[in-house]
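Labels run A, B, C and D following the written order; every chain starts at residue 1.
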Amino acid sequence: MERKVAYYETDRMGIVHHSNYIRYMEEARLSWLEENGLAYDTLETIGIMLPVISVDAEYYKPLKFGDTFNITTKLIALTNVKITLSYEIKNSQTNQLCAIGKSSHCFVNNDFKPIAIKKTNPDIFKLFKDSLI
Amino acid sequence: MERKVAYYETDRMGIVHHSNYIRYMEEARLSWLEENGLAYDTLETIGIMLPVISVDAEYYKPLKFGDTFNITTKLIALTNVKITLSYEIKNSQTNQLCAIGKSSHCFVNNDFKPIAIKKTNPDIFKLFKDSLI
Amino acid sequence: MERKVAYYETDRMGIVHHSNYIRYMEEARLSWLEENGLAYDTLETIGIMLPVISVDAEYYKPLKFGDTFNITTKLIALTNVKITLSYEIKNSQTNQLCAIGKSSHCFVNNDFKPIAIKKTNPDIFKLFKDSLI
Amino acid sequence: MERKVAYYETDRMGIVHHSNYIRYMEEARLSWLEENGLAYDTLETIGIMLPVISVDAEYYKPLKFGDTFNITTKLIALTNVKITLSYEIKNSQTNQLCAIGKSSHCFVNNDFKPIAIKKTNPDIFKLFKDSLI
């Protein structure tokens, strides 16, 4: 996933506000899901949602307006009830590392009840398993 | 409605990003509705939503981080299918006018179908009518 | 300018929050400026900023998560001190009109003082004039 | 720090988008700084900024539109170059724990160069030290 920084994503320090990297990670995650045959709207149609249960980020080199960045997303952990992804955000022009992050998500149904994906949706579980690094 | 500017609402020009005034107007509108016995979550429970059909704003004196502002909201038009509200955003410390705006909303049900509020919910229509300036 | 709706841009009505169209219009404006030789960071380097003095939008067909949209931007008015642009936001899949809008901007220097661009920067003024529809 | 959830902070899952808790934590941090004699705009005037170097959050019970929440902020670590704060976000109506988080910040000057606060601004360092739990 690659895109330019939007003007409205900057703050008065003149850099991208740190909360927006959490949003960038979501964009990267949804792209990653789609590329792996797990498009989020398809999952929601089947009745599976992936609410965030934890998130973290470390900031190295701030992105500014005018910059283009890319994000490398990896599925680094998978259990019957939960997944964890990692993100590496780099400035596309300089290749400098801007931030890294992780997010964990549980599998829930449309009523927000946790589901054991391996049993309820073995085909979906397999797609996640095949994407695990 | 009165509150302080949040840091994340500023942009690299060092002022509140213009899109946030549209959000401030929404906050003011929901406060106004509540004060007039028309709390938005109550309306949603009855099955009435008020999606925005148009919005405008004029910007005079930019708000900055550290500023406190207040918004005066008025219902300026009401028909069987639509309402229009006006907003006046002032800096609470200097009393300077920062921005003015308007928003129009139609009445729809939970399926986003327009409803003629006067017929379907005469009591709600009356509350709006009593609040008209 | 074309892109997909981000998940975080939706609200609990299940549609893109109306304030985000104002941000989409900014993205379209900055693309338009760049395509016309007037990249915003270049303007800022020269010492010209284009703060928003007014904005309006009319909403027709809501965008949802999963949708791709495109925006057609036009410079519809230019004076010595001010420009006005119009925006047409369409769903790229269905070609349906989602929203239209306008924004006006004055020319200011780095101290936020209005400047008469035709005198101070005739070459910039010419680029705007050549882009006028 | 206590306030209501804004409508525009919700997403199509019907809950507050997870990135907004990172913004809530910033609001709580700036309130905390102000209450401890360290108002952020004062710090910026002296020439001290506190960019975020890392952030994390764990989500327990989602906040929804209509909810009021409060945040308890604590300074949990202080060195010559860096501070760490913790946040506890609770639903004010139910007293349920909604999320916890932490953020770390380095001291930099207006040129984003790291500064050793204990030497450069011993009075500011003392105020932080007195606020350490």
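Assume contacts are C-beta pairs under 8 Å (C-beta built on N, C-alpha and C of every residue); 3 or more make two chains touch, one makes a residue touch a chain.
It should be emphasised that the depicted structure is a prediction, and the values quoted were computed from it without experimental measurement.
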| item | value |
| --- | --- |
| Chain pair with more C-beta contacts, A-D versus A-C | A-D |
| Reference chain A; chain at largest CA-centroid distance | B |
| Centre-of-Cα separation between chain C and chain A, whole angstrom | 29 |
| Computed distance of Cα centres, chain D from chain A, in Å | 23 |
| Per-residue multi-chain contacts in chain A, two or more chains | 7-8, 13, 15, 19, 23, 26, 65 |
| Residues on chain B engaged by chain A in the complex (per definition of touch) | 7-8, 10-15, 17, 19, 64-65 |
| Touching residues on chain D, where the partner in the complex is chain B | 3, 6-8, 23, 26-27, 30, 40-41, 65-66 |
| In the complex with chain D, residue positions of chain A that touch it | 13, 15, 18-20, 22-23, 26, 49, 51-59, 62 |
